[in-house]
Amino acid sequence: MAKTNAGRFFEDYKLGDILVHAVPRTVAEGERALYHALYPARHALYSSDEFARDCGLEGSPLDDLAAFHVVFGKTVPDVSLNAVANLGYAEGRWLKPVFPGDTLRSVSEVIGLKQNSNGKSGVVWVKTRGFNQMGEVVMEYVRWVMVRKKDQDLPAPETVIPDLKQVIPAEDLVVPEGLDFSNYDFDQAGEPHRWGDYEVGEKIDHVDGVTIEEAEHMMATRLWQNTAKVHFDATFRPNGQRLIYGGHIISMARTLSFNGLANAQMIVGLNGGAHANPCFSGDTVKAWTEVLDKADTPAPGVGAIRLRLVATKGGEPFDLKGEDGKYKPEVLLDLDYWALIPQ
Amino acid sequence: MAKTNAGRFFEDYKLGDILVHAVPRTVAEGERALYHALYPARHALYSSDEFARDCGLEGSPLDDLAAFHVVFGKTVPDVSLNAVANLGYAEGRWLKPVFPGDTLRSVSEVIGLKQNSNGKSGVVWVKTRGFNQMGEVVMEYVRWVMVRKKDQDLPAPETVIPDLKQVIPAEDLVVPEGLDFSNYDFDQAGEPHRWGDYEVGEKIDHVDGVTIEEAEHMMATRLWQNTAKVHFDATFRPNGQRLIYGGHIISMARTLSFNGLANAQMIVGLNGGAHANPCFSGDTVKAWTEVLDKADTPAPGVGAIRLRLVATKGGEPFDLKGEDGKYKPEVLLDLDYWALIPQ
Amino acid sequence: MAKTNAGRFFEDYKLGDILVHAVPRTVAEGERALYHALYPARHALYSSDEFARDCGLEGSPLDDLAAFHVVFGKTVPDVSLNAVANLGYAEGRWLKPVFPGDTLRSVSEVIGLKQNSNGKSGVVWVKTRGFNQMGEVVMEYVRWVMVRKKDQDLPAPETVIPDLKQVIPAEDLVVPEGLDFSNYDFDQAGEPHRWGDYEVGEKIDHVDGVTIEEAEHMMATRLWQNTAKVHFDATFRPNGQRLIYGGHIISMARTLSFNGLANAQMIVGLNGGAHANPCFSGDTVKAWTEVLDKADTPAPGVGAIRLRLVATKGGEPFDLKGEDGKYKPEVLLDLDYWALIPQ
């Protein structure tokens, strides 16, 4: 059908292409409430306007991952509708908090292309930026996906693989303007553990688990206007199961990590991430974290902590990879991010 | 029980009766967010305050169908609690956008009555108006339902069948005050197709599908305070299945139609509609549209387009009626409406 | 793991302990909309800002039970994480309406302790207060739970059983400032029955039923940031069923009671309550009410009515206890509360 969006194929991407993604979105108190209904979200800075103001912000922002999902969701029709695989994330930075009433839109640039040797598909790297209504960049990240080629007779483009940082240096992290943890209320936040209490190499089992329901992951995925068929149409995949949006697992694992990381309040950097195995309705998601690094920030009382967040279904705590170096089948997500935590 | 509402029976309606429906409702950002969570809603005018303002409105209104559901939901206890069948809609017009903070209430007038020849039931026609807190009519429509008679010995009322328009003439459509599509942003709206790109008779397969879950249709139906037992109580029907509110299918089909009709932004007229077959949890809903007519409007850059929106479960694209003239069993909805679209 | 919350055991409670519960929460229009989506909520005072203003309030408050759930949810990590049973409620009073934008936090005091004779567990009584951002108490209640003892060799504490009122005297009920039912609109409220129309001893079958879904009770329970594992993790209990939060049944029964008690608008007192039997997904919840008492209030046109609200799954209307004096297996909830109703 000429009128509907068939999505882009590998040959439709050119290096330097600017993709202006559709459907701007105003976010407000409704999205905040739904985030609390869909995930066990308890980080105080995103729950209480009073707590956020006591930390120097104008009020409680939209959860950082909710902002990510809104920005990401807009890119789906232009980037991943015909994607075979979502291969990775890098250089993700949150640059401005998103407040109720803000309107977000997304723009991506094609920064890398590499046709696969079989000639049937290729890898596309895009750098995506989310903007608010003032034209300020609220977040940015690089994502790469494998996309099918439609016309396999077309020549391969020149291979360009972007030079991406394995880890965002702590000095490149942007601390929200005004953030001040000098008078941080640990009682109200829920745990006493501060920056100095975490050691590099320490692992935390977040204990709690959530069994996933179809209605919930679909509502979450729709809320971000991510309309990939595979998440909604049970007839789309041969086994009749809807594939759960990887971002749903990210938010589920992050909110479960409250239990042990209640003070890792704001996410400011996304170093990388892999959706190791698919997740389906009925799976029970648990999470564990490893402390990877720590750093200072210039903001009063604010430290940075680099965390590996792993989501699993079943299995044992701290499961990750097998002897073959591959993710164990019960591992859903392996995410590497920077958070801000009181010192 | 004397205290609970047993609903009205056919003999309880008199021509000219005014039914003041209960429970006024203030709608706000929460309802907007839930509409996005429950349906794949992406029309930009209802997603972004900025986009709506660029189109001359004061901000993003509540989705037209959400406004319809709120107005409709209030009528259920007085009109359709004992209804055997929801027979049709006509002469529906949206007269004022509903904005966050508005409070809606509904009033209906009995405009037609016809007892069935078996003496056991009859058809009631009501004209319903939804009002905002300023007393302005935000929408109106005619609906007719078949209602059981309680005392079959009572005489039949005089038969009065209202003279209803098959189609609302384009000149009777009300374009919201200030609406101006002169500077419409097609990139942000998601598709390039404008009024002139659609031809009468053209059919569009909207491609995407959503498999329906119990939790979702119940949340949607409750959100509009429609409390008909059959939607919520699995023990109510002999087969243990909850019947899905027909309005849920209308909203699902309309939001799926974004893919191909992203610019058919505002609904302004409802010419007619049939809930051809019931829908149950587990059904996968798809949608297609046929362009029925086109018209000018006096507003700058604003055209009107008349669309037949059909929702199906399974089957082939463009399925509608069999050789016997009856709806095929996979057809759920056949809706005839007017939308506003940039020229 | 040292970083996660293992919950308190019986020996961790001392008489007079003040428990400052974590995670303050700002509630707004989003929570109101979700309450309407999750429950068949129709009481006009909580649905319409206009109706609430006509009753002398500044606008529509958060549903009283939603306020209760928010206050209660915060206490779970400190009070009931290791609870074996939720034994009772008493002396619950709503003292200030909660309005959109308010931020709630909770503080509890240990007011009673009694070790069980087996030495393996004990009963803890706490008095919980919910505060808004001005430091005003919005509600208070006493709850007692049976909690496991971790180290059974520790000596039993001195037994202190608080002296709790069986029923809150009507003169201790707090009517919200400004509440005035003199010009109450019975048409908009949905039923004509006023204070004088109800007789002590009268029973009302609320007729409607709702079949419970996993996704809905989990969303409701999360919305109040109640994170007890047993509600979310299907692998936690031997039979693979998630136990439904008792508060979900309270809200379901109360909202079902609209049909027959549409004018019992505001809840001001909780005299007691028992979760008689557990509820699971697939159960169909119905409700009935018995009028226990009536009283005057000093506010214009405002009467108080004391109601026993019983929720059941299956069974017959008005089922309660068997000949052995124990709750019948189909009874889920037996709640004793005071509401305000127009005279």
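Per-chain numbering from 1; labels A, B and C assigned in written order.
Please note the rule applied: a contact is a pair of C-beta atoms (placed from the backbone, for glycine too) under 8 Å apart; a residue touches a chain by one contact, two chains touch by 3 or more.
Since we're looking at a predicted model, the values are computed, not measured.
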| item | value |
| --- | --- |
| Equivalent interface positions on chain A and chain B, same or different at half | different |
| Superposition of chain A upon chain C: rotation angle, C-alpha, nearest 5 degrees | 120 |
| Intercentroid distance (Cα basis), chain B paired with chain A, Å | 36 |
| Interface hub residues of chain B, defined as touching at least two other chains | 28-31, 33-34, 213-216 |
| Residues of chain A that touch chain C when the two form their complex | 28-34, 36-42, 44, 47-51, 60, 187-191, 193, 197, 204-211, 213-216, 259-262, 282, 284, 314 |
| Complex contact set, residues of chain B against chain C | 1, 3-5, 20, 22-26, 28-31, 33-34, 77, 100-101, 103, 105, 133, 213-216, 218-220, 222-223, 225, 227, 229, 232-236, 242 |
